[in-house]
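Some structures to go through are shown next.
Note that chain A is present in both complexes that follow, paired respectively with chain B and with chain C.
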Partner chain A sequence: MKTLLDRARRNPALALGVAIAIIIGAAALFPGLFSQTSPLEIDMGRALQPPSTAHPFGTDHVGRDVYSRVVHGAGVTLGIVSGSLALSAIFGGLTGLFAGYLRGFSDLATGQFTGVILSFPPIFLGVMITGILGSSVANLVVAMAIIYFPLFVRVARSSTMVEASRSYTEAAQVLGAGDLRVIFRHLLPNVLPAVLTQYIILFPLALQIQAALGFLGLGVQPPTPDWGASLQESKDYVLFASWTAIFPGLALILSSLAVILIGRGLQSKN
Partner chain B sequence: MRRFLLFRILASALTLLLASLAVFLMVRAVPGSIVETMMGQMGSTEGEAALRRFFGLDQPVYMQYIDWLSRVLTGDFGVSWRQGSPVLSLVFGAFIVSLQLALMVLVVSSLIGVPLGLLAGYLAGGVIDTIIQSFNVLFLATPVFWLALMLLFGVSALFHWSPPTIYASPGRSLSDNIVILLLPMLSLAFLQIAAYAQFVRQHVVEAMQQEYVRALKARGVPPKVILGKHVLRNILVPLITFMGLIFIQILGGVVVIESIFGLPGLGRLLVNALYARDFPVVQGALAMILVSAILINLLVDVLYHAIDPRLRT
Partner chain C sequence: MNPENEVLRLDGVSKVFFQRASLRASNVIKAVTNASLSLRRGEVVALVGESGSGKSTLGRAAIRITEPSQGKIWLEGRQITHLDRRKLKPLRRKMQMIFQDPYGSLNPKIRIGEAVGEGMRLHGIASSRDVGQRVAAAIERVGLPAELAKRWPSALSGGQRQRIAIARALAVEPSIIVADEPTSALDVSVQAEIMDLLKDLQRREHLSMLFISHDLRIVRELSDRVLVLYLGHVVEAGPVNQVFSSPAHPYTEALLQSVPRHPAEPAKKRLVLEGELPNPISPPQGCVFHPRCRYALPACKQADMSSRTVAPGHLTACIRDDLDLNATAVERR
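Coming up: the complex of A and B.
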C-alpha cells in the first residue's frame, strides 16, 4: 500500500487512477455519504427531467434520481465484478497451483477443460450461462467466475512451474515436506503476485462483460441500480433524455479507466 | 507442415466435440422443466411420459447426445420451437449479417489501428505517443454498447439524422446496407483501433531496440521504410495471432450492439431465442459461434506457419 502511494507520487497517470479508484470505492462502500435520495423511489410526475440542482444527473423514465442510482450502482456493479473475479482467482489459482506442481494427468485434464471454456468467446459464455440458467445475481456471478477461471489457471500454472523448478522448492522437498506443505507453504506465497496482477488486468474486461450482460437484460435485473441494467432501461430514451444513458456509462468508463491506469502504473518499472 | 496441420485439425475437432457436449448438457438441463411447463397443472403421468418420449428425454443422456450429434453432423439442427423454420437456415442467415459487420470492423480497425501503433511506437515518449496512448486507454475503458448509444444520440442531435431501422441486405441495396452498418461499425471500431494501436506500439518499441533497426537507422534508411517494410514484417506473426483474437472479440461485440441498431444478426437471434426459451435455435447459434471461433484460431495457426519460415519443417 505504501509503495503504491510512493509510486503514485512519481507517476501522474497512476496517481489519477488511484484517486478515481478511491472516490468510486468510497461510493461503493458508503453510498449514503454521496446521496441521500433513494435510488428506487418512483415519481412519474418528475419523469425524464434534465439535470438540475435538485437532480444533478436528471431523472429517468419513472422519475428516479439518476445521480442516486449511479452512486448506489457502484456497490452493485463493482461488488459483482470484484466478487466473481475473486471466486475465479481462488478456484483458478488453486487449480493452476496443483496442475503446475503435480503435472501429469491432472495437468492434461485441466488443460483440456480450460481449453473448452476458452473456445467460447467470453461474452457468449456469459450469455449462454445466464440465458439458460436464468438471469439472477447468483447465476451472473457463476457465469463470470467461469469465464475468467481458465485465465487464472494459466497464470498460476506457469508461475508455479517456474517456482517449482527453483532451488527453495527442491530444498523443501529434500527436507521431507509433503506436497501439500510445499504447495501451500512455499509455492502459494510466490505465485500469489502473478494471480493478483492477473486480477487487476482482468478487472476492466470483466466489468465490460458484466455491464454488457446487464445491458442485454441477462445480468442484474431492474429496478436494482446496476449500471448495465440502468443503461438497458435508458436505451429507449437516449435520443431525447441522453442524461439517463450518459452518467451510468461515464461511471463504467471511470471505473475501468482507474483500474487500467493502476495496472499500467504497477507494471511499468519506475 | 502437413503433420502439423493434421494435428491442429484433430485438436480443434476434440475441443469442438467437448464444447458441443458442454452446450448440449447445459441446454439439456432445461427441457425437463419444459415438459412440466407444457403439462402445467393438468399434467397426467401418461401425458408427461409421452412428451418425454417426443423430446427423446426417456433415453439416457449419452444416447441423447449421440443422437443429437449425429443429426447435427448431417446438418440437421432441428426446427425452431417458435418459428417452425429449420434452425440451420435461421442461424446461417443471421450469421451472414454479423459476419459482414465484423469483417468491416476488422478491416477498418486494422487500417487505422496498425499505423497508429507504428507511429506511437516509433515516437515513443513524445507528445504524439502520449496522445495516441490516452486515446487507447480511454477507448479500452469505454463499453461498446454505450458508445453505440452515444453515437445514436450524437448523430441525431448534430445532424438530425437516425439510421434506418429496417435492415437491407447488401444484395438488395448495397448503399442502404452500408448506411445501416455505418454507426454499428463505428461503435465497434474505436475499441479495436485502440487495442491494435496498443498492441502494435508495444511490439514496435521492442523492435526499435534491436540491432537490425539500429543498423538501418545508421545507414540512413528513412523511418517510413524502416517501419513499413522492416519492423512491420518482423511483427507480422504476433500481429496475425492478435488479429484472430480481435476478430473473435468483434464477433462478441457485434452480438451486444445488434439489438440497439435492429440488425437481424446472430446475437439478436441468440438473445431473442434465450428470452423465448427456443432451445434448438440457442444450440444452433452457439454451435455456429463455436465453429467460427475454432476455425479462426485454426486459420491463425496455419497462416503463422505459412508466414514464419523458421516454423517450416
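Coming up: the complex of A and C.
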C-alpha cells in the first residue's frame, strides 16, 4: 500500500487512477456520505429535469435524483463485478493450481471443460445462465463467475507449471512435503501475483459485461440503482434528457479507467 | 562388502522417458540403462559424464524423486523400490539432495529460517519450540550467521544460497545426500568455497554422498569412487585413483584428456573425441560408444555393455582387454 502511494507520487497517470478509485470506492462503501437524497424516491412532478443545484446530475423519467442513483449504484455494480471476479479467481485459481501441478487426467479434464466455456461469447453465456437460473443478483454473480472462470484457470495453470518446474518444488518434495503442502505453501504464494494481475486485467471487461447484462435486464432488477440498468431505463429519453444516460455511463467509464490506469502504473518500472 | 555399512545400493536401475512423437507413436528415451552401484557409509561416489549422459537422472532415481523404470533400490539394507508414497515419506529425511541452481532451489516467498526448518518440522525432528534454535545451528554449521534466518532468499548471494541449500539438506540428518552439480552454477571463486565446505563437512561428519559432476578435478578431490556414464550406461566404475590413473574404457580416456591443463605444462597431443553424443532415442547398436571410439572393432557392434572386472572393484564395459590407455594426470584443483 505504501509502495502504491510512493509510486503514485512519481507517476501522474497512476495517481489519477488511484484518486478516481478512492472516490468511487468511497461512494460504493459509504454512499450516505455523498448523497443524502434517496435513490428510490419517485416524484413525477420533477421528472426529467436537467442538472441543477438541487439535482446535480438532473432527474430521471420518474423524478428520481440521478446523482443519488449513480452514487448508490456504485456499490451495486462494483460489488457484483468484484464479487463475481473474486469467486472466479478463487475457484479458477485453485483449479489451475491443481491442474498445473498434478497434470495428467485432471489437467486434461479441466482443459476440456474450460475450453467448452470459452467457446461461448461472454454475453451469450451470461444470458443463457441467468435465463436458466432466473434473473437475480445472486445468479448474475454466478453467471459472471462462470464466464471468467476459464481465464483464471489458464493463468493459474501456466504460472503453476512454470513454478513447479523450478527446483524449489523438487526440493520441497525431497524434504518430504506432500502434494497439498507443495501446492498451498510453496506454489500458491508464487502463483498469486499472476492471478491478481489477471483480476486487474479482467475487471474493466467484467464491468462492461455486467453493464451489458444489466442493460438487457438481467440480474439487477428495478428499482435497485445499477449503472447498466440505469442506461437501459434512460434509453427512451436519451435524445432530449441526455443526463439520464451520460452520468451512469461516465461512472462506468471512469471506473474502468481507474482500474486500467492502476494496472498500467503498477506494471511500469518507475 | 559389508551390508551393515551399505547406505545405498542400486541394482540394474533403468529409466526410460516417453516423448510424444505423434498422435499414435511415442519415442522411448533411455536415460539410464542397467546401472548398479553400492555406496558405503561415509563414502563419496561420483557420477561423471557429459550433459545428457543420464547422471542426474540416475541420481534422482536413486532417491526415488524420479521413479526408476526398472531395477531395485536398497536404502540401509531395506528395499525401497516399490514403497508407496505414504511409506516413503518418513524415509525422505534419510535421502536429501543439493541442487545445481541455488537461485531456483530456494522458494523466493519463504524466509531462510523456514526453509531450513521445513524438513525438521515435517519429520518431527524438532518441536516448534526449539526449531528456531536448531535452524540457527544448521545455518551456522555451513558457516553463515544465524541472523540470516529472518531474511528472504533474494537478500542472499549465490554462494550464500547454496550454503543454505546445503544446510537445509543436512538439517534432517540424512543418511545419503545426492549433490547434483552443486558448484557448476556458481562463480569460480564461490565454487571453491562451496567445494571446501562440502569437503570439510564430509570429512568431519562422514557424510555419504552421491556426487554428480562433470568437473573431473572436483571429482578427484572429493570422491572415493567414480562411475563414468555415457548415454545412460555405466561404462567404467572403480576407485577414483585407479580409474583416473589407469582408465580401462576409451571413453574415460577421452574424458580425462578433455580436462584443461595448466598452460605451463608441455603441450602434449590431445585426443579429441569426434562427433557428438548420439540421440538417445536411437542409440547405436552394440557398444553405445563404438561410433566415436578410436579403438572400435567390428565386434563392438555386437557387444552387450556388460561389465568385466579389470582389478578388484574396477569394472569396465569395454570388450577390449588389449588396450593400453593413456592416463592424463587430473590435478586437484
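Here are some notes:
Keep in mind that, in the parts below, the second predicted complex is superposed on the first by the 270 of 270 C-alpha atoms of A that agree within 3 Å, B and C clash if a C-alpha of one lies under 4 Å from a C-alpha of the other, contacts with A are read in each partner's own complex, and residues count from 1 in each chain.
Definition applied: a residue touches a chain if its C-beta (ideal position, glycine included) is under 8 Å from a C-beta of that chain, and two chains touch if they have at least 3 such contacts.
Small disclaimer: the values here were computed from a predicted structure and weren't measured.
Aligning the two structures on chain A places chain B and chain C next to each other without any clash. Once chain A of one complex is fitted onto chain A of the other, the partner contacts of A:215 are limited to chain B, with no touch recorded for chain C.
Of the two partner chains placed by the overlay, only chain C lies in contact with A:167; chain B stays clear of it.
After superposing the two complexes on chain A, the angle subtended at the C-alpha centre of chain A by the centres of chain B and chain C comes to 90 degrees, rounded to the nearest 10. Touch criterion met: A:231 reaches chain B, while chain C stays clear of it.
Of the two partner chains placed by the overlay, neither chain B nor chain C lies in contact with A:101. Using the contact criterion defined above for the overlaid structures, shared-chain residue A:176 touches chain C, although it does not reach chain B. Within the superposed three-chain model, A:190 lies in touch with chain C and out of touch with chain B [touch as defined at top]. More residues of chain A lie in touch with B than with the remaining chain of the pair chain B and chain C. Between chain B and chain C, the shortest distance over C-alpha atoms in the superposed arrangement works out to 10 Å. Put simply, chain A uses no single residue to touch chain B in one complex and chain C in the other. Within the complex formed with chain A, the chain B residues making contact are 14-16, 18-19, 22-23, 26-27, 29-30, 137-138, 140-146, 149-150, 152-153, 156-157, 162, 248-249, 251-253, 255-256, 259-260, 270-271, 274-275, 282, 286, 289-290, 293-294, 297. Listed in rising order, the residues of chain A touching chain C in the complex are 166-168, 170-178, 181, 185-186, 189-190. Every residue of chain C that touches chain A in the complex is listed here, in rising order: 63, 65, 89-90, 92-93, 95-97, 99-101, 104-110, 118-119, 122-123, 165, 168-169, 172. Remark: chain A residues 112, 115-116, 119-124, 127-129, 131-132, 204, 208, 211-212, 215-218, 231, 234-235, 238-239, 242, 245-246, 249, 252-254, 256-257, 260-261, 264 touch chain B in the complex.
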